[in-house]
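Here come two complexes built around subunit A, the first alongside subunit B, the second alongside subunit C.
Up next, the complex of A and B:
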């Protein structure tokens, strides 16, 4: 009788040990992957604190040095001719913010139009918007670039226009409307004497705030990081965005420039997005699945 | 304004048209017209008239396409080389991306492990996805370039010669780009696969438990087969994205003019910069056709999933 109990206990203990070992292994693996993710950015941070003569062909190190302030100051003064960080930030911010606003407002408007009204062809329109989501942006970029160069529309607000028609954001918005906006609410606001535009701006938009916030972040980050179209269309130094400037910087000879400033420029270019992300990561990660898995 | 308060209220229909008008007008002018122009371009020859800024345009038929698929002076078929580069680099990155993504998704969703702190790990794993690809590539260039710390380290250890350059080396440059793509995308894959696993009906797992199936069996026989449609979706969307690879490869190896990391979009970009709209258009059309075929495959798998579920 007692033997049976000890066997049982032994088995139980083994199972517990096994579970603990498995858990520890998982944590080790996850920590390894986390280090892998952060490693290069940690090196970036380290190198923003090192002086140029230490960086030119310098040794590999994980230790911070003490030239962060110096590099920061140099970037905005001496380094200005190679990389005008202030102008880059301004251009990037203006473009990313305006395109995010345009994308969100007009996608919400279009989604509301299709959701709230019954009119001929609306099913076809929705199917059409879904279908064009699959077309690679390069197909229009050649023609777009050609039109822009032909009619002198480079370095112009022109670059923002396509963000009004964003199929994937539309898709997200209409799914959100279907899940959250009761049609009775539209009806009752009509009875209260609200016209259609007022209803959308004052009643529907506030309801859509969570969806708009998610898409604002994604489209802001998307255009903040984008290199392809801006590199084709923006050549004026006042209007170049950060990625375009980084791409230009990369083509200069790095033997003759202040590498501390190069690392600082890279660091500052990714910093705004990282800060926003650290505050809103849960929110952002939720948005990833909501937008992509439709099954 | 007769009180036809049914669903179909004709007096409001016009507002529907007004609200969707901006989307369609903008799409037509700024996306559709350029798309048609791109396709049109691909059948025309754009040659610069010597000594002027004018270009002469003449109908070329399929000449641009024929040119793309014929050998150049180096004996290469340019478009196939770039397509090959793109696919190879994508493949090197997507294999660890899918495997890490799957493994981590399984660990995170395991009801047996019940790990704590998954929120922290998720945050860290997804972060590289939001980082500016151009900046990341520039960082890797600074670290691995001939004046970078990795170069110094590898020379000191005697692993490479002083003259060796990671960036212009065929294998290393490809691996570095793939590594960046992997780091940037495996977190995204993890999140999507997790959502897929969490979407599987809990009762399936319960009954397997009652039947006494081991956890490895559950994963192998239940989770993976049910996850397949989503995994295929992730794989193919990754391929569509991979075919459009540009930022990382351009910033890392654009200056070195590394011929084995020139992607298909870099090819379009190079043609565009010299005003060769004919060739740029033809490459874009080829890319469009490949993407279209891949999208059709996605559409088919999603539909099949819908059938099996209903």
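Up next, the complex of A and C:
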């Protein structure tokens, strides 16, 4: 009897030790991943406080320095012509916000059309839209650039918003619709006297709010950080977005480059995105998981 | 209020051809395989859901479409609503051909099985939603044909009126997720009636509710019917709902109408074996029997020699139809079987106390001569009134009999009632 109890206790102790070790390993791994994520932001923040000479020297440090204000001042005085923060913010915001709104609305509309209606070629159309996801945007940018040049649309903000009905957003939206929107609701609205467009705007769109919010944030951030297309199409300094300006800051000041100012510009440009994430992180997680469970 | 007429209405779902691959079967052969497993009917064009549906529904009538799953009752309702295209035939609502009319222009309302309440709106907004599209004739001195939308005040008045009728006034500020099943169903009905539609369609509205609530809501629908004057078309697979609610019942099977009659007629005079088994709970008892004519009188003889003489009314119908001697399926409802001194000898297997009555399952002593397929083949079911005291007959041998006025005689070949 005593022997049995001892065995049991031993087994129990081993299980507890195993669980603790496993948990510790998990936490170590998660801490490592978290540090990896935060590390580059931290490094950026440190570099904004360091002087240009220090940075040019190539010395690596994790300690804050005292040149934050100096770098900030330099950015807005020495590089005034290359970096007009106000105009950059305005351009980035107009493009990112409009692009996010348009992308989400039209992607939701396309997803709704394919989800709610039965028509010939429906599956083919869905497959086609999804197949577009496979094409890298760099590939289509050549033709896009040519069209923009031919029709004199360069240096025009609106040309940067053609990503309405983006395939990836469409895919997310249609999955969300399949999980959350019963067709009875659409039919009920039709019988209640609503036309198709009103049904979408008044019934479907409010139900899709969490999905739209999430995709709007992702689209906004994607568009805000986009360097490739704006750098191809925007050459007018008054219309440049923040990433294009930062890029120009590096290139034009080559030779007498002030790395402190460059880091400061990068820091300023990511600030709105960080704020958006900080305030809306709960909402993002809720929206991402909302479509996964039919409730 | 409006009459609804369906003339030769048919619904065929075309075969859906998937991507052709070398070894993949065609859509038709896939459907044929599915049809073998279920009761689907196939045609050249596709799967037949509703076949030659003919009916005239009068103004203010309460019609119940009833039948087992997949019989086409919901498809018929959806065709009336405009949610499904009509393959062939004509649908008239209030005398107007509506085959190609959009659902929103048919002036109908529908209550869905899932309630279909808009989750982001309050109860008030849900009920008010259809009113936002209602147009009202409001002639002006310079514009005699002036038509306008309802004002906010008018909408509010009508919502409150509907809420009062359904006793949901205190729920108006809540969202659907904060309501119970019964409350949601009331809101769904409120949204349907607030517009005073010509026709009110209900697609199994009570099937998501528990038994107690279902009984309560059934009574409320009967009440509602007294209060609002409109034509009701109600779909259910529950025969109790069909019997209690409908002015007339349409029994369907495999997309074909089996019988259109009042609940009482469907119960007392089922046209065929299917209806007799579908309507009535517990289901009808069937016996293998011989119909004979002796001295100009029809007699039904069971395999054990028990003989029943149909009543004069039934004799008359059989004579008019010139029914010949033949082997038949004799149907008797459990509530018409009584304990007698003389009759079919049975040993009681199970006795279920139902309150005022008991359901007795008894095994016939001797040969296997019932045709009851779904329970023990040699069992009959009888409903015995307890009259205040429940007697447990389990294990006892009793004799059961029935009168000639309650028997139903079905042809073994066609399964049709020989009286019709």
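The criterion applied here is as follows: the second predicted complex is superposed on the first by the 186 of 295 C-alpha atoms of A that agree within 3 Å, B and C clash if a C-alpha of one lies under 4 Å from a C-alpha of the other, contacts with A are read in each partner's own complex, and residues count from 1 in each chain.
Here is the rule we use: a residue touches a chain if its C-beta (ideal position, glycine included) is under 8 Å from a C-beta of that chain, and two chains touch if they have at least 3 such contacts.
Fair warning: this is a prediction, and the values are worked out from it, not measured in the lab.
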{"item": "Which of subunit B and subunit C A:182 touches, first, second, both or neither", "value": "second"}
{"item": "Touching partner for A:53 - first (subunit B), second (subunit C), both, neither", "value": "neither"}
{"item": "Contacts of A:194 with subunit B and subunit C, given as first, second, both or neither", "value": "second"}
{"item": "Which of subunit B and subunit C A:235 touches, first, second, both or neither", "value": "neither"}
{"item": "Larger contact residue set on subunit A - subunit B or subunit C", "value": "B"}
{"item": "Subunit B versus subunit C as contact partner of A:249, first or second or both or neither", "value": "first"}
{"item": "Which of subunit B and subunit C A:6 touches, first, second, both or neither", "value": "neither"}
{"item": "Contacts of A:136 with subunit B and subunit C, given as first, second, both or neither", "value": "first"}
{"item": "Contacts on subunit A seen with subunit B and repeated with subunit C across the two complexes", "value": "187"}
{"item": "Subunit C - residues contacting subunit A, complex", "value": "81-83, 102-104, 108-110, 112-114, 116, 118-120, 129-130, 132-134, 191, 195"}
{"item": "In the complex, subunit A residues that touch subunit B", "value": "19, 22-23, 26-27, 29-30, 33-34, 36-38, 40-41, 43-44, 47, 55-61, 106-107, 109-110, 112-114, 116-120, 122, 125, 129, 132, 134-147, 149, 161-162, 164-165, 170, 187, 196, 200, 221, 224-228, 231-232, 242-243, 246-247, 249-251, 254-255, 259, 262-263, 266, 269-270, 273-274, 277-278, 281-282, 284-285, 288-289, 292-295"}
{"item": "Subunit A contact footprint on subunit B (complex, rising order)", "value": "5, 7-9, 12-20, 22-24, 26-27, 29-41, 100, 103-104, 107, 112-113, 115, 119, 121-128, 130-143, 145-147, 149-153, 156, 183, 187-188, 191-192, 194-196, 199, 229-230, 233, 237, 240, 243-244, 246-247, 250-251, 254-255, 265, 268-269, 272-273, 275, 277, 280-281, 284-285, 287-288, 291-292, 295, 302, 305-306"}
{"item": "Touching residues on subunit A, where the partner in the complex is subunit C", "value": "182, 184-185, 187-195, 202-203, 206-207, 209"}
